[in-house]
Amino acid sequence: MSLRRKHRRWYRVSRWALLPVFIALAVVLVQTVLSTAPANGELPRLVDEEMSASGVLHPLTAVLLNFRGYDTLLEIGVLLVAVIAVWSLDASGKSGHLRLRLPSPNNAALRVDLSIILPLMVLMAGYMVWIGSYRPGGAFQSGAILGAAAVTLISSGMLPAPFGRSRRTRLALAGGFSFFMTVAILTVLFKGRLLNYPMAWAGTMILLIETLLAVSIGAALAALFAGVAGIKVDEPGSPSRREERGP
Amino acid sequence: MTVVSIYGITGVLLFVMGVFGLMTQPHLLKKLLSLNIASAGVFLLMVALAYRGDKLDPVPHALVLTGIVISVSATAYAVALAARLQKITGSPTLEEPAVDEP
Amino acid sequence: MIPVLQQPETWLVAIPALGAATTFAFREQGRRGVVSFVLAGIAISTAMTFAKLLLRGPYSHSIGGWVAPLGITWQIDGLAAAMILLTSLVGVMISRYALEYFGSSAEEQRQAAYFWPLWFFLLSGLYAIFLTADIFNWYVTLELSGLAAVGLITLSEKPQALTGSMRYLLIALCASLFYLLGVVFLYGEYGSLDLTTLAARIQPGSVTQVALALMTIGLIAKAALFPLHFWLPPAHANAPSPVSAALSALVVKAGFYILLRLQLVLWPVVSTRYLAIGLGALGAAAILWGSAQAIRQSRLKLLIAYSTVAQIGYLFIMFPLLHAGWAGDPLWASYAWAGGVYQALSHGLAKAALFLAAGVVIHAVGDDRLDSLRGLGEKLPLTATAMALAGISLMGIPPGAGFIAKWLLLSASVASGQWGWAVVMILGGLMAVGYLFRVYRRLLTARDVPVLHQPPRRMEAVALTLAILSLVFGLSSYPLFYLLRIGAPASVGLYLEGLP
Amino acid sequence: MSAMLSTLDPGQILLATVLLLPVLLLVIALVPGMADRIFGLAPIAALPAIPAALWALFFPDSPFGAIELNVSALVLGARFALDLGNAPWLFFTALLWCCAGWFGRYYLAHDERRGRYGGFFLGAMAGNFGLILARDPAMFFTCFAVMSFMSYGLVIHDGRPASMVAGRVYLGMAVLGEVLQFAGLVLAIFPNLGTSGLENFQTLEHFRASDPWVAGLFIAGFGVKAGLLGLHVWLPMAHPVAPTPASAVLSGAMIKAGLIGWMHLLPLGLDAFPVLGGLMITLGLAGAYLAAVIGCLQTHPKAVLAYSSVSQMGLMTTGIGIALTAPYLVTALIPAIVLYASHHAFAKCLLFLSVGLKSVRNLTGWERVVFWSGNSFAALALIGAPFTSGALAKAALKDAVGRAGLPSEATIITLLTFAAAGTTLLMLRYLFTLRTIAYDEHHASPVGVWQPWLVLLTGIIVGPLIVALGVFDHAHLGSLPFAALKGVIPMVIGAAGYGLVRRWLNGETPIIPAGDLYRLYAATGRVIGAAFRPRTQTGAAAATSGIADGFRRFMQPVSRALAQGEQALSVWSISGLAAGAVALILFWLAQ
Amino acid sequence: MTSLDAWIPLLVLLTSFVTGVIILALGEHRVAARTALNLIGAVAKMGLVAMMLWGVFHGHEYQTRIPFLPGFDLVLRADGMTVLFSTLSAGLWLLTTIYAIGYLENSPFRRRFFGYFSFCVTATMGVSLAGNLVTFFLFYEMLTLTTYPLVVHRGNEKSIKAGTLYLAYTLGGSALFLVGMVWLYSIAGAFDFTETGVLSALPSSTHGSLVIIFFLFMLGAGVKAALFPLHAWLPSAMVAPAPVSALLHAVAVVKAGAFGMVRIVYDVFGIEFAETLQVLTPFMIMASFTILYGSARALVQDDFKKRLAFSTVSQVSYILLGITLFGPLGTVGGLVHLVHQGVMKITMFFAAGNIAETLHLHKISELKGVGRRMPLTMGAFSIAALGMIGVPPLAGFISKWYLGLGAVESGNNWVLLVLAASSLLNAAYFLPILRVAWFERPDRVWEERHARGWLEASWWLVIPPVVTALLTVLVGLFAGSDYSPLQWALLITGREY
């Protein structure tokens, strides 16, 4: 019996053997959920108490950008890493991984639709950042909308595809993170603690950060999309567009 | 059985299912989907836990948000990688087994 | 300026991260300058962190000024410092190496353009892991470093590298989820993510146990403990050599580090010794299995990668020894503690040296088949020396740093009467001899090899430096132990308190 | 050095000269090109010993009388002494060496390897002198070994196959002897050891055997050299093949080293070991007779002489045996044995040299007359014919034995007496076979070769007398019946016996080959050796490669299993299974 | 003076270590610089060791302490035994270096060879200077590792195999040693080597463990000392170049094993305590068996170096025999044989190497008449061989004499039988070599003498064996003098009881 065939058999057998193990796992976990102690409510209370010092009004934003702002900082880093990693997979930037067939950029209806939708989306994104300080919203939501706008543009063939790797794009991508990190380190200079915003400035700074972050997140999401879905345009003349890329 | 328990149990079941899928589905995209299901399960549990007590706990929500971003990033990268793999190896699955005879 | 100087630990995270963003945004322009700046920054911040630690003793840094459990707190003590030391040493060396490794060809320049940001993010993530004491923050940092690591592996466009990294990615993500699930359960039970707070609150109970078990699973998969190690060899062996070095020396240590922290803080309260013995058993199995696999390999980097699988096993043998100490003479636990940490450090240095040396070999002859090594000892004497010196540490032979680790672990196991671990460790040492000398004897074989490319001297020098470092730490353990003693938990600090 | 010299008194300087002169010449001979020149100086090396011995013998109270020389730095603290006890030995030994060396100058003048010969000769001489003079065990043992090993070079001098075989046997036996002596010495010291255990071991007296086992070791150890029956096989093999002057000193002087060893280290006069004594007496007498019989069957005169030596040594062994049995007799026996040894030395040396002489001189005219009469005289002396030194020696021996009061005393005396019959037989055989030695004109020597021969001939008459005067009080000497005509009876029996068997002895090859028991020993050795001899591969190598093969065979499936195991673990579902299982186990363990 | 005293042990190590490093750093073709370095290093080391010799004799303390682990220092210290062994090593290193320079003329990999050669000597000196078990183990392992490149120096299939075997054995032994060491420290804590040992104060409940520890140590060291059945690496390691074999057999590896045993028995356990534990007899028996076994195996080898190798197996066990014979005399015998065997064996290997190098003869049966072609070499060999047999007054006799006395003193008269049988066997395998070389006619025409002059080979090759042969004579002949190894051994022994 060849090894390969042997493995297939292992594969089949082990699949069935997995089932009881995972059922047991499920049982254990369910039991654990059921026996979890009731919340002690300490943390929500602390959040409440410190809201006034957080510079924002919405607890979620407060946690996200102030109390646990460091998590968020790193998480933006993760996003940036993902972009870099995706790009690195296709170091030349010439071809994407998936092929999408694009509609013609000259489609009038599409153009009209986009010309309405896109400004709305940008507006919405700005609003989301603004509202984040006292209602659900914030940089991520905003960034997601911006990203979606970019994706729309890309898939309609209006944005150079694949999403350009020009320095401008890279600055947009890295800008949010860099700014956030710079602020973080500047607060060390002034307050001796990472991300310790001066109380009076907290709100402003968070807003500033969120704005920049939103741009970066949007860019990142779009870049991820573009990186995964390299666009192939069948029409003549399109190669010139395809070749456009960063230096 | 409280609402929290129902969400929570759903969460962990999703988690187990996701992991099971990851282990058993050969196709890479299915593996990724399974992973996403699993992470959705965990996030669901987190959100459910936030609803305990008299006051809504904002911390798990923030954590979930963070988790989602991470999950998105990772998934995007994984998809790109899977696509790249398929392009190079011609197969949407990982070789089984990975280790060759030396 | 004074506050900056007072908080050098923040720069450890910030400088590489900003370096990453810069090298990403600006690519070739001034890369060498940026890299030099980052490396200098790392070196200075590391030194200052140590200085601060020595002057002030263990300290914490509440991020944003929010004390735990509301905010995220960093705990800087001897253990963190030891890992930071390892990261800085290896990190700087790998960076220096990478400057030479990526040549001037267009292809290599493109690789370099992605290497630097990913690599700096990885470094930043690692520092973040070692600094923090927040269980959720660990999840984030693990993901940051994990994703960067996978990205780095795929810089090598070999199909094996891609499949390896795909596996690694999937396993890492899955492991993170396990860990996260555990974190969620712990949060649900105790309402805090801060390690110190948790330590104060934690009680034995089924939820706690399950949570810890879940976290443990996730972490041992990240640390590539047998039998969850299978992703490691293909990934580490097929990555570009500086990346392999970073992965084996640093990244796998992250999982171990977190587990150790948890163990130290939480487990004395809740854990049973059987769990520790279980981990130890896996460690022992890893030693034997990894070594046996390494002996079978016919490719240098695979051999080294399997050696990593084996060496990680030693780290986990520390756990049952710790428990035996807690149950018996605290001195034993302190032996195990010092030995385990030393193992992490010594393995890091030695393994980095080995992988970097392997990179030189590949550079010179084009592949890493063991048989290509024949006669290279004469052609690449520095590299051969580096391999030899690094091997001394891995084999656990004095004056390698690995000897000190093994000595302490052996002492703990013999003193506590747990002979099984001792036997496995000794066997592991002998098997290490077995696989390493498969390399050396080829190096020493008489054969006239035409070296295809003379590798840059600097690459060789870096590998050699790391190897020598692994001996320097083996000649005297005091410097590291002075560091490690700072803020060592009382449960493991007895031995180090004996320091003059 | 001068300071060291100044602390020495003249006697010590003389003693040092006796010891060092041969060594010095030997060292010079090692310089390339010097060996052939030094060769001729060999007799001179022995010269200082003769006056020194005589002085000590006759003027014991003078500054040269009883000399002691201690060199603590040498080996384990060397001590040398020259006194009444060893002066007779030194006297006849030195004379023999001198004559043999002198003879050798002529005899080996054309030999291309004479330089090498000279070196070994000097070395053996140094050893021989040293062992006579040594008073501490290490030095004694050292000199004994030096003498033994140096003689090897003499035995195999001509390099012919027979010589090589003989040399091998000689060396083997010598080493065996050394080893037995060594064991004896080591065992002997213990009862005399101080409590601290680290005191210096002063003199040979401390090493006297105090229990029968140790004595047995000494008897056997020195018995090799002394040609004790059973250990004598090297003698008849080595003597015929060695160059004549070497045979002469081997048989005349060196063979006596065994006796000296016995005298030093057996507890003569202290303890009675009747069993061992009886054994020695038995072996000695048996040797005396058996050697005569076997010797008679030889065809080469030197082989006959060698057997004669065995036979004569048997008589001396008997004397030692009696001394071991009856300690009170020692004072009488020892001088008798010394006398006998010296007498035998002179006679045997002359006989050996005669064999050589005949081959290098074309004997005509007066030379012929002198030759045969000298030979006959020596033969008669050896037999113990009345008025010869032999008669004197035998009389002294028998006289001493006669005072023993042993139960078997009469038998022993009778046997001693009639051993002369055997000796007669041997001497007749010798003279007969000597005739067959032909003149070899390639080695023709000048007339000077007669000089040492003539000195020795004089020595046969004078030498034993000098010794006797030195060791006996003169009154006792006068009372010895050395002129008794009774001694003729065994001679007649012997002669008659030879007449009877003579016709059978005319074959070309000896009926029993020289070395008699050697064949037996060699065969035994081969059988034992065969058991140890490797088949195709040596044992450990075979075992090692066997283990390696086995290991490889064992490792093949292990390696395969490892490969499959690792592959299996990399299958998702299996690793998942493993992970799940680990998880469940951890859950369980955590409870 | 005092401050310098603390540095001397370290300097002794550095003289060869630094030499090795520089040699490795120099290029392959820097022959003159390398030769000069080698000689300077060797002479400097000799000088320092001589200084220590003088100092120890006059009661100076030489000790370097380097903090290593909390509770454990690396201690380099010169005591009587150290000086005994380091004098031997330093002296023979000088000679071997000279020899190796001549031997390896024009052969490849000389840089590597001399580099590791120097390290090897550093390790050996470390072994001798080690003041506690950890330090000892450190250098012991260093020795193993640095010898490996020398064993496989030729880099062919055969030498690689031999190297693997060598490693398998020696590192296996080290593992045993390590276990013993860890165990012992866990019972007794940290301690330095002390005359008369340190363990006798331990409670009797630990004695069971101590017995096992003793076995672990002795077997661990026994591998290097080629104790049967752990000896198989030694004969196969003969593929190494002659200077390596010489060093391996006479000074470095084998001797380090034996020296380790000495340390364990005397300075860790203490001979009297070891006797109380009744652990000496098994090793006495093992040593005796090895002595006979090695000799018997040597007897049937026709390969010159193989015969010498098995002879080493046999001879080194004399040392163990000496130290396991309870009583000062046996100790003296063992200690003095440590030196004597080294001097004699190195002579033989030099000679064998000379013959192989000059005449390309490797089998004993081919040596016919070599004595005439190479009288100095063969003369040196003969002296050494006779010494090995125990012919007085050469070095081997002195050893055997004390061993014999020791056997009787300790009441093990049967050991005498072993000594006797071994001497006979020694004679049986050495004397034929002498016979063949000196007294048989050559069956071929030798090549012309070495072009360089009147010597039979390059003087680099001839001087060392002649010197060591002279030493063989001198240490035996003048054993009674105040400066002989014997007196030194007596001095040491006086302190051990």
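Per-chain residue numbering starts at 1, and chain names A, B, C, D and E are given in the order in which the chains are listed.
As a convention for this text, a residue touches a chain if its C-beta (ideal position, glycine included) is under 8 Å from a C-beta of that chain, and two chains touch if they have at least 3 such contacts.
What you see is a predicted model; the values in this text were computed from it and never measured.
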item: Smallest count of steps, each to a touching chain, taking subunit B to subunit C; value: 1
item: Higher-contact pair (C-beta pairs counted), B-D versus C-E; value: C-E
item: Most centrally placed chain, judged by C-alpha centres; value: E
item: Centroid spacing, where centroids are CA-atom means, of subunit B and subunit E in whole angstrom; value: 66
item: Inter-centroid spacing, subunit D versus subunit A (mean Cα positions, whole Å); value: 105
item: Chain centre separation (subunit C, subunit D; CA means) in Å; value: 77
item: Rounded Å distance between subunit A and subunit C, as computed from the means of their C-alpha atoms; value: 29
item: Subunit B: positions in contact with at least two other chains; value: 12, 15, 19-20, 22-24, 45, 49, 52, 59, 63, 66, 70, 73-74, 77, 81, 84, 94, 96-99, 101-102
item: Of all residues in subunit D, the ones touching two or more other chains; value: 563, 566-571, 573, 575-577, 583, 587
item: Junction residues of subunit C - those touching two or more other chains; value: 136, 140, 143, 147, 150-151, 154, 167, 181, 188, 206, 210, 230-231, 234, 296
item: Each pair of chains that touches, named by its two labels; value: A-B, A-C, A-D, B-C, B-D, C-D, C-E, D-E
item: Residue ranges of subunit A touching subunit D (in the complex, touch as defined); value: 3, 6-7, 10-11, 14-15, 17-18, 21-22, 24-25, 28
item: Touching residues (chain side subunit A, partner subunit C) in the complex; value: 28-29, 31-32, 35-37, 39-43, 46-47, 50, 66-71, 74-75, 77-78, 80-82, 84-85, 87-89, 91-92, 167, 170-171, 173-175, 177-178, 181-182, 184-185, 187-197, 246-247
item: Residue ranges of subunit B in contact with subunit A within the complex; value: 5, 8-9, 11-13, 15-16, 19-20, 23-24, 45, 49, 52-59, 61-63, 65-66, 69-70, 72-74, 76-77, 79-81, 83-84, 87, 96-97, 101
item: In the complex with subunit B, residue positions of subunit A that touch it; value: 3, 7-8, 11, 15, 18-19, 22, 25-26, 29-30, 32-34, 36, 38-41, 43-45, 47-48, 59-60, 62-64, 67-68, 71-72, 75-76, 78-79, 81-82, 85-86, 89-90, 97-98, 140, 217, 220-221, 224-225, 227-228
item: Footprint of subunit D on subunit E - complex, ascending; value: 165, 231-232, 235-236, 296-297, 299-301, 327-329, 332, 375, 379, 386, 389-393, 397-398, 400-401, 404-405, 407-409, 413, 416-417, 419-420, 423-424, 427-428, 431, 435, 439-441, 476-482, 484, 486, 490, 493-494
